[in-house]
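Some structures are shown below for you to check.
Two complexes follow with subunit A in common, the first pairing it with subunit B and the second with subunit C.
Our next item is the complex of A and B:
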C-alpha cells in the first residue's frame, strides 16, 4: 500500500506541475496587452514598453514560469500586476471564505446523500422514485439560477438572510452562518442531487451481492447488514463521488461568490482571469489544484484503509 | 511668470461661482454645510481599484481615491476650479499654468504636513511615472515657499483645469519609499480602515475629523463594495445593504418598485464612431456622403423609446447640454430617411455597400442595440461583422485603430474642451485613427489662450463642423441611473464625467 501511495503522491506532484505550466502558458504572450490594461487608456507606448519590462513580461515563457515556480516553492507567489497586493496575502483572506462555504456544504452533501441514497436503494418503490425525481431536478437546474431564486425568496421577499456579503466566523458565528447559508444551499442542491444518485447506485449494486443474501439467510438484522456491511463496501464509490463533489463545489463557488458577493477565491479567480492578472490567477489555480490533489490523495488513502482488496494493490 | 489675471480664493471669489451641474443644480461647492452627522454610507462599484498608487486611480467610481486623497484643486462638473488643498490661486494670463496658495495647518494621515514639497513630489511623480506622463512632460514646478506652488507648462493649456485637478497629493516620503501601491497616505476626508477592508471586495473608510472641510462630509464611515454583477447590486439595494449604486435602465423599474429613488445621469451618447475620415482603411468612409448616409438610417426616436426604454433623448450632437460646445436648438441634419441614405450612397459610388468589422465587448449592455445597428446598416448594404474582444487587451484593441468603426457609449464630459481633446484631436485616444484635421486642430490650438467667450465660439464651431462632416453617428443622450435610499440626498453633481455622484455630493 505504501508503494501505491508513494506512486500516487509522485503522480500528484507531476499533475500539479503540468496543470500550472499549462495555465501559465495559456496566459503567456499578451505582455503588451496586460501592460496597457494596467496603465489605462492614456498610456503612452513608452510607458507601456517600460511596464512590460518592469513586470518581466518581455522574457521567454520558460524563464517566467521558472521564476514563478521557484517563488512558489519558497512561498512567494508574487504580486498582482494591477494592485501590487501580495498574492499570498490575497489568498490568505480569500481561501478561508471559500472553504467556509465549501467544507460545510461538503459535509452536508455527504450526510444527506448517504441518507437519501441508502433510503432510496433499501426502500425502493415510491421513495426511490421521489429521490430520483428530486435528483434529476436538482441536477438539471444550474446552481446560479438556484442562487438567484434563493436570494429573491429568502433575502428580498422574506428578509431571512442577507442578499450579499460575508461575515467572518470569528467576528460573529451567527452572522457568519447567515451570510453563508444561502450560498451553501445553492451549492448543496446540485451536489446532493448528483451524489445521492451515485450513492443509491452504489448501495443497490452492493445489496445485490451474494454475501448480502447469505447474511440475510443467516438472519442478520437488516440494519446491521446495511450499516455494517453494505455501506462499508459501497464506501469506495461513495468516497469517489464525494471527492468529485469537492471539484464541483470549487467550480460552483466561482459563480456563487459572484451572486452573493462573497470575497472568496472564486471571485478572485474570476476577476483576475478577466484582466489577465497572471500572478493572481496562478495563485488561485495553485490553491485549487492543491485542494483537488489533497482530496484525491486522501480519498485514495481512505479507500485503501476501508477496502482490504484495494490495500493489496 | 506670466502676469496673473484670474485670481480666485475659496468659495467667494469672483469668477468661481458655483457651476450648474448636468441637471441645472448648483455644484457641490467647497464649503457647504452638512445638515448633521450621519452613520455609514454604503456604495457599490462594479470594478475593483488597481491598488493605491496615486498615478493609477480611476475617475469612474473613484470614491476610494476621493475619500483618502485631497487634490490641489477640486474640479466641478464643468472642470471649473474649486478650492481644496489650495485655498486661493492665480491662473496665468496665457493659461500656461497656475500659482496656488496652500491652506496652512493641513496634515496627511501619517501626521506630516501638507505643503508645497508634497505637492511638488506628487506632481513630479505623476509627471515621471503615471500613464498621463505625457500631459505633464513640459511642466515646471516651483515652490517659492512652503505654502506656495507654481505649475507652469511651456505653452498654453486647453485642459489646464483638468491637469491641475487630477493629481492626488501624497507625502514625499511615501513616494520615496516606492511603496505607493500598498496603502494610501493622504489628507482626504476619510482614512482607509485597513482592518475592515478586504481588497477586491470591500473598502472601509473612517471619517477624517481633521479634514479642512470635514463638515462637508456628513458620514462617519464609508464602505465601498466591489460588486460586478448588477443582479447582486440590485439585490443588495433592495435589501438595504447598499445606500446607493449605479444601475442600468432595465433595473430601474425593479429598484423603484422597491421604494428606492433613482436619478438619471444622461452623460453618455451611444454612437458609431466613424474615425477613418480620410478613408485610409475603408475608402468609403472617406466620403462624407457615406458617413451622412450612415447617420440617416437610424430612427433615433424609436431607439430612445424601444432600446433605451424611454430613458433617452435623440440627439445629433455629442456634447452635453450646458457645456460650451453644445449648440442649443441644433436641428438634426440627418433625420431618419433610408431612401435618402441610399441616394447618398449611390452618389458616393457605394450603392452596393461595403463591409465593416464592428468590435464588441461583453458587459457593455450593447446586446439590444447592436442587432439594430447591424440591421439598419444592412439597409444601405453595409455588412457588419461583429468581432468580440476580450481579455486584458480588449480596450487596447478597441482603441488601437484596428477598427475604423466602433460603437460605444462615450461620455459627454462637462468640460467640452476636454471632450474635444479626447475625441477630435490627433492625440485624443477616442480619435481612433488619430487623423489630423486642420479645421479642428487650428481652433483647438486657439482655444488654449482664448477667453471664455472666444473659447465657447471656437468649441461650437468645432461641434458644428463635426456634425456637418458626420464624424460620428450619435443616437441619443442616454446614461445610467443612480439608485439610492431615502436616507441619502444628492443635492449636487460634481463629477465632470457626469456618470454618477462624486463622494462630495452625498448628503
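Our next item is the complex of A and C:
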C-alpha cells in the first residue's frame, strides 16, 4: 500500500506542476495584452512597453514561471498588478469565506444524500421514485438559478434573510448563519440531487453482489446484511461520490458568491480575471488545484484503508 | 449470474436497426415531449432572423420595464428598453451555437482518442490516461474564468475550452467500450478474415460506441447550456449579445426594479436542461436497458402476475407425489418463474416444474445454461433476484409450503436448507475475514456463542480438508484460492446441519483437479451426515459420479426424471439422448487433447 500511495503522491505532484504550468503559460503568454488591460485601452505604446518591463512580463516564460514557483514554495505568490496587495494575503481572507460555505454544505450533503440514497436503494418504491425525480429536477436547474430564486423569494419578497453580504463567524455567529443560509441551500439542492442518486447506485450495485445472496441464503437477517455488509462495501464508491461533491460545491460556490456578493475566492478570481490581474487569478487557480489534488489523494488513501486487499498488501 | 433474463446482449443491441429505435422513442411520451421542445429551440434559433420582429438590441425606450402582455411585447420590455421575447429568440441561436461548440470539441477529442487508446493500447493509452488525469484535476470553472484574461468576452472560445475539459468523459466511456468489444469474438474473427484495422473499427467498434456516445452527448449538451448561462452570468460574456446567460445577468442586476424579467431566461434555461437530461434518460432506456429486466413497482407487479396466472392452462389433474411421501424431504410442484418483459407482461423462464428429493439422496438437475435450473435452486431458498416473479407453485419442505409462508421460508433458510454457490470468490464478502463470515452465518442459523460457533467451524474446516483452520479463519477472501474458498462455502452451508443442501454448479468455476476433491467432499458429506442434496450442473460426468437420481431440464421444463443408472443406460427422451451423446463426444475430445 505504501508503494501505491507514494506513486500516487508523485503523480499528484507531477499533475500539480503540469496544470499550473499550462495555466501560467496561457495567462502570461501575452505580456503586452496584460499591460494593455492594466493600463486601459488608451495607453500609449511607450507606456505599455514600460509597464511590460516594470511587471517583468518581458522575461522568458520559463523564467517567469520559475520565479513564480520559487515564490510559491515560500508562500509568496506575487502582488496584484493593480493594488499591489500580496496575493497570499488576499487569499488568506478570501479562502475562509468560501470554505465556511462549502464545508458545512458538504457535511449536510453527505448526511442527507446518504440517508436518501440508501433508503431509495434498500426500500425501493415511493422513496426511490421521489429520489429519482428530485435528482433529475435538482440537476436540471443550475445552482445559480436556484440562488436567484431564493434571493427573489426569501430576501426580496419576504425579507427573511439579507440578500447579499457576509459576516464573519467570529464576529457574530447568528449574522454569519443568516448570511450563509441561502447560499448553502442553493448549493445543497444540486449537490444532494446528484450525490443521492450516486449513493443509490453504489448501494444497489452492492446489493446485487453474489455474497449478499449467499448471506441471505445463510439466514442472516436483512437488516444485518444491509448495515453490516452492504454499507461497508458501498463505503469505497461512496467516498468517491463525496470527493466529486467537493469539486461540484467548489465550482458552484463561484456562481453563488456572485449572486450573494460573498467575498470568497470565486469572486476574487472572477473580478481579477476581468481586469487581467493575472497574479491574483494564478493564486486562486493554485489553491483550487491544490484542493482537488489533496481531496483526491485523501480519498484514495481512505479507500485503500477500507480495502483489505490493499491493506494487507 | 447465468440466467438468461439478466444477461445483456450489448453488441446485439447496438445493431438493432435505426428504424425500430426511432419507433420506440416515438412510443415514449417523455422522449417525444423533450424532443419537441429541443427541436423547437433549434428551429427558433435557426429562424431567429425571420421570427424576431427586430434586432435583439433595438430599444423601445417609451416602454422600458413594461410588463408581460403589453401590446407588441408579449413578454414585456426589459430595463434597457429591449423586447424580451425578441431577445429570447436570438438567445436560442446563441445558446445552440455555444452547445454545438462544446459538443463538437469534446466529442472530436474524446471519441477519437478513446478509440485509439482502446484499440491500440500501449504507450498512447498511458499518455492519454495521464492527460485525462491532468484535465480532470483542473478546476473547471476557475479555469474558464482564468482564461477570460486570454480570450476576452468571447463565449464561444470559453465553450471550446469547456469542451476540452469535458473530453475525458468521452475518452473514458469510449475506451472502456472499445476494450470490451476488442476482446469479443467477432473482432477476432474479423482479424482472422484479414480486415484492416480501420475497417474493423468502422464496422464493429463504431457500432458499439454509437449509442453510449449519443446518450452521453445529451448530458454534455445539458451541462453546456448551464455553463454558457453561468459564464455569461459571471460577466464573462459579451454584454452586447442576447444569450440566455447574458439576459439572466442583466435581469438579475435589475431584480429590484423589475423582478419578473429574471423569470423568462431562468425558465428557458432550466426547461432546456431538463429536456436534455430526460431525453438522455429516455434514449438510454431505449438503446441500452430494454434487454434487462426491471423491478416492477408493486402495482404493476400484481397486475403482471394476475395476467400471467389468468393465462395458465387451468387446474389440471392434481399433481401426484413421485416418491413415498414420508421419505420425501423436499418436493416442488408446478413451479413457474418469470421476469418482467419490456411491455410489463411476464416472460416465463420456468414453466411448471415438479421435483422430489428423498432424504439422503443426491438429486442432479442438469440442462444447458438458461434452462432454468439455477432459478429452481434459488426459489427453494427464496433468493431469486428482486425482479423475479413467482407465477405459481409450491416448494414443500417436509410437508410445509415455503413459497406460501415467508416466515417459514425465513426460518428454513440457512438452518434446514443450505446453499453452496457457483462462483466461490464472489460469494465471500471481501471486506471481512473468513472466520467472521462463517461465524456470523452459523449464528444466524443456530443461536450459540461465538466461541462455540468458531469451534464447530474449525472442526468442519478440518473435515473438508483444511489442515490449519485457525489461520484460514483469520484470512481475507482475496488471500485464499478458489478451491479453498469453495471448501469454506461448503462449510458455511453444512455448519447448521441442514436437511438438504442446494448446490448451484459447485465445481464449475474450479480447476479440474480441485473439482474432483470438492465432489469427493460433497459425496462424503452426504454419506456421513445423510444430507439430501440438489446438485445443479450442466456436467453429466458430475451427475454420473455423484448423483442417485437426476432430472433433465430443457427450456424451463423437466423433460425426464429417473435414477441415474436408468437414465444413462436407457434415456427415454430424445433430448436426453442428444445431451448424453454430446457429452460423450466432448469427453472424447478432451481425452484426445491430453
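Rule of thumb we're sticking to: the second predicted complex is superposed on the first by the 299 of 313 C-alpha atoms of A that agree within 3 Å, B and C clash if a C-alpha of one lies under 4 Å from a C-alpha of the other, contacts with A are read in each partner's own complex, and residues count from 1 in each chain.
By our rule, a residue touches a chain if its C-beta (ideal position, glycine included) is under 8 Å from a C-beta of that chain, and two chains touch if they have at least 3 such contacts.
Keep in mind that this is a model prediction, so the values were computed, not measured.
Visitor: Looking at the superposed three-chain arrangement on subunit A, would you call subunit B and subunit C a clash or a fit?
Guide: clash
Visitor: Between subunit B (first) and subunit C (second), which does A:261 come into contact with in this model arrangement: first, second, both, or neither?
Guide: So A:261 only meets subunit B here.
Visitor: Between subunit B and subunit C, whom does A:34 touch in the aligned arrangement: first, second, both, or neither?
Guide: A:34: touches subunit B and subunit C.
Visitor: Let me test your reading of the model: by the given contact rule, A:213 touches which partner, first (subunit B), second (subunit C), both or neither?
Guide: In the superposition, A:213 contacts subunit C only.
Visitor: A:250 contacts which: subunit B (first), subunit C (second), both, neither?
Guide: A:250 sits against subunit C, while subunit B stays out of touch.
Visitor: Which partner, subunit B or subunit C, is in contact with more residues of subunit A?
Guide: Per-residue touch count on subunit A favours C.
Visitor: Does the superposition put A:82 against subunit B (first), subunit C (second), both, or neither?
Guide: The answer is first: A:82 touches subunit B but not subunit C.
Visitor: Quick check for you: in the superposed arrangement, does A:288 touch first (subunit B), second (subunit C), both or neither?
Guide: second
Visitor: Can you tell me which of the listed subunit B stretches (365-373, 401-409, 419-427 or 473-481) runs into subunit C once everything is aligned on A?
Guide: In the superposed model, subunit B runs into subunit C at 365-373.
Visitor: Return the residues of subunit A at which the contacts from subunit B and from subunit C coincide.
Guide: Touching subunit B and subunit C on subunit A: residues 30, 33-34, 37, 148, 151-152, 156, 258-259, 274, 276.
Visitor: Provide the residue numbers of subunit C that touch subunit A in the complex, in ascending order.
Guide: My answer: residues 133-134, 137-143, 145-150, 222, 226, 229-230, 233-236, 248, 252, 255-256, 259, 262, 266, 269-270, 273-274, 277-278, 281, 295, 297-298, 378, 381-383, 386, 410, 413-415, 417-419, 421, 423, 426-432, 437, 440-441, 444-445, 476, 478-479, 489, 492-493, 496.
Visitor: Note which residues of subunit B are touching subunit A in the complex, please.
Guide: Per the touch definition, subunit B meets subunit A at residues 48-51, 53, 56, 131-135, 181-182, 198-202, 225-229, 231-232, 235-236, 238-239, 241, 391-393, 395-397, 399, 429.
Visitor: Spell out the residues on subunit A that touch subunit C in their complex, using ranges where they run on.
Guide: Listed in rising order, the residues are 11, 15-16, 18-19, 22-23, 26-27, 29-30, 33-34, 37, 124-125, 129, 136-137, 139-142, 144-145, 148-149, 151-152, 156, 209-211, 213-221, 224, 228-229, 232-233, 247, 250-251, 254-255, 258-259, 266, 269-270, 273-274, 276, 278, 281-282, 284-285, 288-289, 291-293, 296, 306-309, 312.
Visitor: Touching subunit B in the complex: which residues of subunit A?
Guide: Result: residues 30, 32-34, 36-44, 47, 80, 82-85, 90, 93, 148, 151-152, 155-156, 159, 162-166, 258-261, 263, 267-268, 271, 274-276 of subunit A touch subunit B.
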